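Please find one structure pasted underneath; my questions will follow.
Chain lettering (A, B, C and D) follows the sequence in which the chains are written, and residue indices restart at 1 in each chain.
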Amino acid sequence: MLERKLPLRRRVADAINIDELERMARARVPAFAHEYLAGGAEDELTLAANRAAFAHRRFLPPMLRPAPARRLGATLFGRPLALPLAIAPTGFNGLQARDGDCALARAAASAGVPFTLSTVANASIEQIAAAAPEGRRWFQLYPLRDRAITLDLLARARRSGFEALVLTADAVHYGNREWDRRSYRGALRLRWGRLLDVARHPRWVRAVMGQGGLPGFANLAPYLPAGQGSVARTVAFIDGQMDRALDWAFLDWLRAHWDGPLLLKGVLRADDALQAFAHGADGVIVSNHGGRQLDGAIASLDALAAIRAAVGPAATLLLDGGIRRGTDIAKALALGADAVLTGRATLFGLAAGGEAGARRALDLLGAEFDRTLALLGCTAPEELGLHLVVAAPEIHR
Amino acid sequence: MLERKLPLRRRVADAINIDELERMARARVPAFAHEYLAGGAEDELTLAANRAAFAHRRFLPPMLRPAPARRLGATLFGRPLALPLAIAPTGFNGLQARDGDCALARAAASAGVPFTLSTVANASIEQIAAAAPEGRRWFQLYPLRDRAITLDLLARARRSGFEALVLTADAVHYGNREWDRRSYRGALRLRWGRLLDVARHPRWVRAVMGQGGLPGFANLAPYLPAGQGSVARTVAFIDGQMDRALDWAFLDWLRAHWDGPLLLKGVLRADDALQAFAHGADGVIVSNHGGRQLDGAIASLDALAAIRAAVGPAATLLLDGGIRRGTDIAKALALGADAVLTGRATLFGLAAGGEAGARRALDLLGAEFDRTLALLGCTAPEELGLHLVVAAPEIHR
Amino acid sequence: MLERKLPLRRRVADAINIDELERMARARVPAFAHEYLAGGAEDELTLAANRAAFAHRRFLPPMLRPAPARRLGATLFGRPLALPLAIAPTGFNGLQARDGDCALARAAASAGVPFTLSTVANASIEQIAAAAPEGRRWFQLYPLRDRAITLDLLARARRSGFEALVLTADAVHYGNREWDRRSYRGALRLRWGRLLDVARHPRWVRAVMGQGGLPGFANLAPYLPAGQGSVARTVAFIDGQMDRALDWAFLDWLRAHWDGPLLLKGVLRADDALQAFAHGADGVIVSNHGGRQLDGAIASLDALAAIRAAVGPAATLLLDGGIRRGTDIAKALALGADAVLTGRATLFGLAAGGEAGARRALDLLGAEFDRTLALLGCTAPEELGLHLVVAAPEIHR
Amino acid sequence: MLERKLPLRRRVADAINIDELERMARARVPAFAHEYLAGGAEDELTLAANRAAFAHRRFLPPMLRPAPARRLGATLFGRPLALPLAIAPTGFNGLQARDGDCALARAAASAGVPFTLSTVANASIEQIAAAAPEGRRWFQLYPLRDRAITLDLLARARRSGFEALVLTADAVHYGNREWDRRSYRGALRLRWGRLLDVARHPRWVRAVMGQGGLPGFANLAPYLPAGQGSVARTVAFIDGQMDRALDWAFLDWLRAHWDGPLLLKGVLRADDALQAFAHGADGVIVSNHGGRQLDGAIASLDALAAIRAAVGPAATLLLDGGIRRGTDIAKALALGADAVLTGRATLFGLAAGGEAGARRALDLLGAEFDRTLALLGCTAPEELGLHLVVAAPEIHR
């Protein structure tokens, strides 16, 4: 409403919300890396819809329901969460900050929330276990054709104390991320304009590229043919390995080989959520991959209520896509999520200021969620429910 | 529709609507003080929704119903109102104009409408009684932990002839008003940029700060430990005293200790409105604190009709949030309010030109409301009803 | 969609649509006069809604229904119309072009459509009869307190061969037209900025003011006290004479004193339309005075279908408000109007180029309406109906 | 969402989507020719609605439905399509590139999709047959008054191996394309400003005008009186020949004289679609002529589902209007189309880079459609259905 000229903060500790962290990130990181982080597929219809879905929900806060102190935490798979939130799996975090994965994992651990390591992370399963031994760690699996590699990844994850396995179902085919084609001439070779822009960010170059070029895909390095470990080769390897015939039988197979919590990520339909549980999943992540896969896919929040109605109150449902505020967490929980995952919100923090920045993002979200609960007269997340929200178009009836 | 370059008026008497008063206010007051006045919580979704809710309602004016003269006034708690309007409680009015509270109280009295004094006003209960002895005065209570202080406030209000007590229920936890963090480095210490901007407003400095810095919280001064009366200390004191365990029992307690009209402010749900009357309230103020508390809360106008339907035609319902035009007052009354309160509309007047500015705001709203009644063929406010409005989305069916 | 730099035409014959005539008008006429013409009340919600209502309707054109030639005309009150259109009554047309009323009347006559003379026109009933003897002429009546004056106006209208009487019901109280207060210091005395702007339009000054200042209100001159005929005095006279107690009995009285067609203008409710016919009206004009009276009133097109449903197929219903295209005429007829009236569309033409400009506006609308009928497979206006339109929000179900 | 400065590509092979081809086209072709291509009728409401209708649909993608490889092709009239797509008939393609029609026909043939030749093409039926002998070729017929000419056109089409006949029903009357009147002074004589702009595009002049002025209407040349073959004369001839009395009997007549597949183009109503099949059509093209005819007509995608519901699952339904992405093709098929036609998408390619550009457009659409199928877990177009899409306004219920 009120137009304001907002100053750009220098220290992440001064950022007062996720949007400010995003603006800081944009200033610190070269354009190609920021586009990779912030962009969505094609016309970014779904990227925008993810945010609009939150804006279209309105709270009906009850009054005089005392909530002098709130428990923000929840229990997930029998273990505590300091916030009903986990860090979503995101690949190539090393592009935003040196040791990006470890920084995120440490931030998550110190904030008491799980960190999910992507298959295509720059740090390995073992490095993350060493970096954040006390934290809850989840491993996100892209389904590779080679079952032996998959079994080895599971064994490593188990050995390194990873608690849960997240199978990402919505990205066996790549989304149409046009920034790639705009940024690169060939396999990871930047166009000239982009290179010039990189040169304008010496601090980023030192931090991120300093150790010898772009960071590699540490999880997959062991499986690459000897001397083929370049980033470009690995990308080609992953591409060739991605199991495009992924089906429900694979979930059964995973279930047979992983005895910890198993989550299916990328579900937008009620029938699929029911299938997931029927095939042994312990939880479902309602997600459209942050608008990076099928452009035009329904906003994850818009898909949530129908899924909760189908699976019943007891099933574990997480949601990601568009979480930027504590009120967003509350809306997601009110509409049926047990917890949310953050992709970009924490990545903006990481890009803006490494581990401290990621931690700042979590602290901001936590403080906002706490205040939201208080203002809704709720003393704990599980008190949130459908009676507290209404969709904007229904209002004017 | 038609684009226009609007000149900035110099005299409040020349302002032709509330928007012009707002533009004058913005020019006269330093940015930090204007943001405090005009801003809303977080992304200002609710601030915007409050206005949009009025824009989405359309009138169905009847013709040939003579209304050659209109009675604008109404009866509230057995006493007359010149307009179905009261001035809403707003804290720190001294920031907009010297003796802001007294100026507003005098403007209200001379216009024949009640003035509500905030707990965190800069003028005391007694000063207001002296400044506007003939006016209807209401006292807005923030629930303090210390019941003795509360009882003393009630006693002072009663002694000073305050008619009604307004319990604000929606602000026992603070909303996330980011302008504060943007404006201040620490407790009420402005950032450098903001100080520079203050220096560019010497007239404001002379008027507002001239008497020795920012004005204090006069109502609470007596209860502060000796020598602890600085503004920053008082803010900390209020923070510590705010009763975050506020519940319906507190309303019962208040009811037992206050025999005048008792209003509950901040209600957005029909069940809460019913509760309020069940616990002895004489009226309910449908409000979301002008979008300054829970961002994403439903627009107050959008909440109104359901509440009126629940409480029946006889219960006293007031509404605030977004009133900027006489047509807004008419829409609120048509949808079920007995009267409205103005926060910013009259504050813009105050900031633009002190008491005269506030009075100008009331006169403009009164004249616009009068014309609206005339154009709707109504001779008195109580003729407004649901048959006169329709929601925009329903139109295109 | 496609952005274009549109050149400003010099000759009205080159204008290819009403928008271009509007742009020409804006360039030729001083700002104060253009605002008077183009502006709406207060925040112009209704002005905008009038246009949006047309944009929200979509055609469902039938195919292979031959309409090689179309009859555009219709019969109204037993006499032919070349187009289902009349020129709406508008006051002070002399501000847009010298002898504006006569120019409009001649344009209407030559185009075969009725012209409505406003009570507050600059040309008299008699002058119009002389200027356009062969045209259909309607007289729009503002209800004056003095019944003798009213009877004399009716007698003059009858004597001068005016066919129909239009009683305007929606303007017995003035709308809040803020441009007046922005343009004028006192009664018709322009502010300095506005005077400067007038000086920048010497051609307009010569044409419009050349004959001795602003044109007067010729219809009312006979009734003014001697020597009181200044424009400012007349405005005050009208203000004093406006019958603010106008009710249905006045319509009965008019009915008794006027035996030609009698129309009630300004109706937006179905119950009022029914009343109008019950009190002897021969037709109803669904109108909100072009968004110049009650801001927030429903768009006239949005009110139409419900009114048609209430009054049945035989009753005469006209509509005005927002007609800028031939497709708008078709939408109005499809939703239930027998014909439309144009206020600004023809006035833009008048301001852009006098009689020729007004005629150009009518020709453009006629040609567009003809093409629209053809594209809808209709050979005559009466084939338009509800089966040919759908509301945009219904589409996405 | 994320603002980006997009560089203008030089080679069509580098264009990554249709929008980039459009921007290239705009840079290469003089404004008058680009407006002819990109513009719509009047206020371009329908042009915009065609695109908005796609944006308002959201996918509900199923997971773990393997689609490792997709068949993109379909069978239409017993013959294969490489993509469920054909190139729509568009007149005056020679304005965009030298030998525009042949270039499009070759691009279509090499991509394995039908090319539709317009009656008012610049290349003749015979030239197209020679240019793309192996391609599927359809001939679009404008209904000419002279049945002998029509029969000759049919005979030529048959002789030249054209497979299908497309009768365009929605353009027997011209739409109001205002760019014409803005660009031309008289019959095809450009205004000065436009000529200047042409002079700024020497490459286009050489390519398009180089062979002696604007290209003529090759299909119709044989029927023109001797020495009357100028472009302007042909335009007048077509105008005079257009059969404005076109009715269903003409479809019967065509059916009797054409034994190949017969399509009716321009249908937006379910009753018309039923009629078309009753009169012997083999297929219906749901279309509003790309928003170039009746402005305000319903978006073709918005009309589709009701038409499919009426005609049943077996009838052949194509759709055009607004196809710019592979996701658009998928949405159209999900809502009931068997295939789509592209007008501007392939024309932008043509204008950007001749045959290679048109082919690039087809390749981009094909690749996007393939990816969309994959992401929707579909192995072939016929798996798309209503269960995969939801309308945006329904989401927030």
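Note that a contact is a pair of C-beta atoms (placed from the backbone, for glycine too) under 8 Å apart; a residue touches a chain by one contact, two chains touch by 3 or more.
Bear in mind that the values here come from a model prediction, so they are computed numbers and not experimental data.
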For chain C and chain D, chains touching each: none
Equivalent interface positions on chain B and chain C, same or different at half: different
Chain A and chain B, separation of their C-alpha mean positions in angstrom: 42
Mean-CA-position distance for chain C and chain A (Å): 59
Interface hub residues of chain B, defined as touching at least two other chains: 392-393
Chain contact topology (line, ring, star, complete or other): ring
Each pair of chains that touches, named by its two labels: A-B, A-D, B-C, C-D
Of chain B, residues touching chain A in the complex: 35, 38-40, 42-49, 51, 53, 56, 169-170, 173-176, 178-179, 181-182, 193, 244-248, 250-251, 264, 266-269, 271-272, 275, 293-299, 302-303, 391-394
Chain B-facing residues of chain A, complex: 1-2, 4, 6-7, 16-17, 54-55, 57-69, 325, 327, 331, 368, 371-372, 374-376, 390, 392-393, 395-397
